[in-house]
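Sharing a structure here in structure tokens format.
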Amino acid sequence: MTGEQIVFLVVALFTLGSGFMVVTTRNLVHAALWLVSTLFGVAVTYAVLDAAFLAVVQVVVYIGAIAILFIFAVMLTRKDVRDQGPQMNKNWWFGALLAVMTFGGLYFLLQGWSGLSKTAAAIPAGFDAVAELGNELVSPAAYVLPFEVASVLLVAALVGAVYVAFNPRSGK
Amino acid sequence: MSFWNDPLKVAADWLLGVFTGWGMPEMAANILIGFLGVLLLITVLMVLDIFLVWIERKVVARFQDRLGPNRVGPFGLIQPFADIIKLIIKEDTTPGGADKVVYNIAPMLSMMSVLILWAIVPLAPTILGVDLNIGALYLIAAGAIGTLSIIMAGWSSNNKFALIGAFRQVAVMVSFEVPMLTMLLIPTIFAGSMGMSTIIEKQDVWYVFLAPLAAVIFLIAAIAELGRAPFDMAEGESELVSGFNIEYSGMKFGMFYAGELLHAFTFGGFLAILFFGGYRFFGLEQVSPFLAIAVIVFKAFIGYWIIMWVKYTLLRIRIDHMLAFNWKFLTPLAFSLLMVVALMNALLANAPIWLYISGMFLSNVAVAWAALEIARSVSRREREKVEGPKQVVEVGH
Amino acid sequence: MVPLSWYLIFAAALFSLGLFGVLSRRNAVAILLGIELMLNAVNINLAAFWRYGNVMDMAGQVFAIIVFAVAAAEVSVGLALVISVYRRRNTVVADEIDMMKW
Amino acid sequence: MSQWIYVGLFFIVGLIIPIGAIGAAWILAPKRPNPIKQTTYECGIETVGDSWVQFKAQYYIFALVFLVFDVETVFLFPWAVKLGQLGLFAVVEGIIFILILVAGLVYTWRKGMLEWA
């Protein structure tokens, strides 16, 4: 077993453990904090995969913005957070069954696929993923349309969210 | 002689020889050497941090026409060590009802978020931690961890003041992150890379001459990110007692305090790297890496001193004014500056260097002037709406 | 070297955890937390396929970045809806949000 | 990958140092807790009610606006890295991107959501 495999296994177990805590913890602030550690684990996975840009963006966007937003939202809807009633709905066993079946099905499908044991080629020297990404994102032959549409999507989300949550008619 | 030119490599090679001589595999030896180097750097930083306490207290004393610490040791130099001994042997109380695990993790994360920033600081052409090609974003990523530590501290303390302070501080930090990100784009455009060492190498002309307005906005956003006056909403002694760290005592409080000081110094360093040429000073860095380190530390101290100067001169701003300042003035200004710089960069791409520099400089000045004019006319209109036009007052006499 | 299958199985496990969270939590905010896990699992797959396929072809990373944008949009609108419902109905339990049912 | 090992080392050492400092304090400091010491500090006044006070929704608005701007500005970094080699066309694309972003800011501003009401 090489060093890289050990790093991967440690990170994967840490991430999955945190992910399990996210879906089972009763205290929602704790669930959000466990989400942060899951997301950090995923960021480390990107780093292991040499996707440096994705790794930092994961930390900046998910931990720096989305997790903060979750914590704010939990604190704004505080009454139910301390509700000590069951945090799982009555069909939770069905959800668990479906999740296990999904995992089993995916595992079964992956088993029969030939590309599975593929190993990665070395990254060519002097290859700058970020510059390449910049090239692709603005060249008309590649992904300029998704790039601009993403901007429109986010502005639409902003407008919608602001309108829904803080409609002046609904009180404050 | 070679140690004088490239101390890091010489030391690493020597250590590699020693470790492999003990029968260690080369990979493990390299990681161990990296670990020792990181440990050395961070230890030096912590010692520096101790002296930052002394410097900060001396400087604030001078600003307030006092002497500052002068009893323990010459010029009070031993004072910070006495403070540390006190912090260590002080009883560490945990408030009842606190969320113990989160409460204990928060100060560690706060300190860590500052220390990891030094991974990307190039101290000299040959002495740098890691030359990540996403350096500028790494700076923001470390800040995200700091933001998280504040909200964890505020929430887990089970104290109203702490939670309100944390919320305010986080709102301010995240808001000012937008102009900061935008201003990080400008050195990135000039250098064509996000890596800190590339940004320094490309700075034949300091970027502060190309984009003075960007340097000013970055400084403002950095001060807000640090949570220092005039943006110290979290502390707000008169309203919130001490903000998010109110329930912390002993060494855990010390971590927040030392982290804040080191953070300020680190941002002084980043200001120097991004806009003032980093370790470069008229070819001095070519003479010896040690001189390069001296140059960058000196520049970082100047940046730190400016941050202190602002802190002890200005008053705290009310939170609504502060957020309005960010979203209604600084963010639009930052985005317009970014658009102007990108456009000028494309238009002047083939121009001679003097035209490029003066064009950039003048466009920055023009943007700043226009922004201030608009702000002035808007604020005049606001004032007239509240007070009524000037003439009416005189007629009423 | 880590084989591709490890990443895919890791992502599948994370996806299943997220699915379990979405299907069985009562709190609407917790359901959104589960969705985040599922989106992250997808992103791991995209990054792994980029690394194990042709590195010069950036499609995997571009897709992952678009997923980031979608996740941000989803969180902002989703949480805004939850807060809006909380203000009108004083609850964030998904089962009790049944104004569209009769 | 190899450079990330050093970043990982920074994370590890950056955690070890504060743990060491707090651990030293934990070993050396006296520990005599009593209920009075552990009460919540509120300037000597006894705590009234719960620490989980109701928050202004305004904090959430700012976090929301920040989220959108954060994601979009991060998108601009690859563009900025490559800007020197790309033509005017790419610059115009970036400016359109920023203008769409500013339109969102203007909308929130006009709606009065940026006021601390």
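Here the chain labels run A, B, C and D in written order, and each chain numbers its own residues starting at 1.
Here is the rule we go by: a residue touches a chain if its C-beta (ideal position, glycine included) is under 8 Å from a C-beta of that chain, and two chains touch if they have at least 3 such contacts.
Here the structure is a predicted model, which means the values were calculated and not measured.
Undergrad: Taking each chain's centre as the mean of its C-alpha atoms, which one lies nearest the mean of all protein C-alpha atoms here?
TA: So the chain sitting closest to the middle is D.
Undergrad: Applying the document's contact definition, name the chain pair with more C-beta pairs in contact, A-B or B-D.
TA: Between A-B and B-D, the larger count of C-beta pairs in contact belongs to B-D.
Undergrad: Using C-alpha centres only, name the chain that sits farthest from subunit B.
TA: That would be chain C.
Undergrad: For subunit B and subunit C, let me know how many angstrom lie between their CA-based centres, rounded off.
TA: About 33 Å separates the centre of subunit B from that of subunit C.
Undergrad: How far is the middle of subunit A from the middle of subunit B, if each middle is the mean of its Cα atoms, in Å?
TA: 28
Undergrad: Between subunit B and subunit D, tell me the centre distance in angstrom, where each centre is the average of that chain's C-alpha atoms.
TA: Here the centre of subunit D sits 14 Å away from the centre of subunit B.
Undergrad: Find the geometric centre of each of subunit A and subunit C from their Cα atoms only, then give the gap between the two centres in Å, rounded to an integer.
TA: 6
Undergrad: Mark out which residues of subunit A touch at least two other chains, giving numbers and ranges.
TA: 4, 48, 50, 52-53, 57, 60-61, 64-66, 68-69, 72-73, 75-76, 128-131, 133, 137, 150, 154, 157-158, 161-162, 165, 172, in rising order.
Undergrad: Where in subunit D do residues touch two or more of the other chains?
TA: 4, 7, 52, 55, 57, 59-60, 63-68, 70-71, 74-75, 77, 80-83, 94, 101
Undergrad: Would you mind listing the residues of subunit C that make contact with two or more other chains?
TA: Within subunit C, the residues that touch at least two other chains are 65, 68-69, 72, 75-76, 79-80, 83.
Undergrad: Taking the top-of-page definition of touch, could you list the pairs of chains it picks out?
TA: Final set of chain pairs in contact is A-B, A-C, A-D, B-D, C-D.
Undergrad: Which part of subunit B faces subunit D closely enough to touch in the complex?
TA: Those residues of subunit B that touch subunit D are 31, 34-35, 38-39, 42-43, 46, 87-97, 104, 107-108, 111-112, 115-116, 118-119, 129-132, 134, 136-137, 157-164, 167, 170-171, 174-175, 177-178, 181-182, 185, 188-189, 192-194, 241, 246-247, 250-252, 254-255, 319-320, 323-324, 327-328, 331-332, 335, 338-339, 342-343, 345-347, 349.
Undergrad: Quick check on the complex: what are the subunit C residues that touch subunit A?
TA: 1-10, 12-27, 29-30, 32-34, 36-37, 40, 43-44, 47-48, 50-52, 55-56, 58, 61-62, 64-66, 68-77, 79-84, 86-88, 90-95
Undergrad: Which of the residues in subunit A end up touching subunit D in this complex?
TA: 4, 44, 47-48, 50, 52-53, 55, 57, 60-61, 64-66, 68-69, 72-73, 75-76, 78, 82, 128, 130-131, 133-135, 137-140, 144, 147-148, 150-152, 154-155, 157-159, 161-163, 165-166, 168, 172
Undergrad: Of all residues in subunit A, which touch subunit B in the complex?
TA: Residues 3, 29-30, 33, 36, 52-53, 56-57, 59-60, 63-65, 67-68, 71-72, 75, 128-131.
Undergrad: Enumerate the contact residues on subunit B facing subunit A in the complex.
TA: Per the touch definition, subunit B meets subunit A at residues 27, 102, 132-134, 137-138, 140-141, 143-145, 147-148, 151-152, 155, 167, 170, 174, 177, 193-194.
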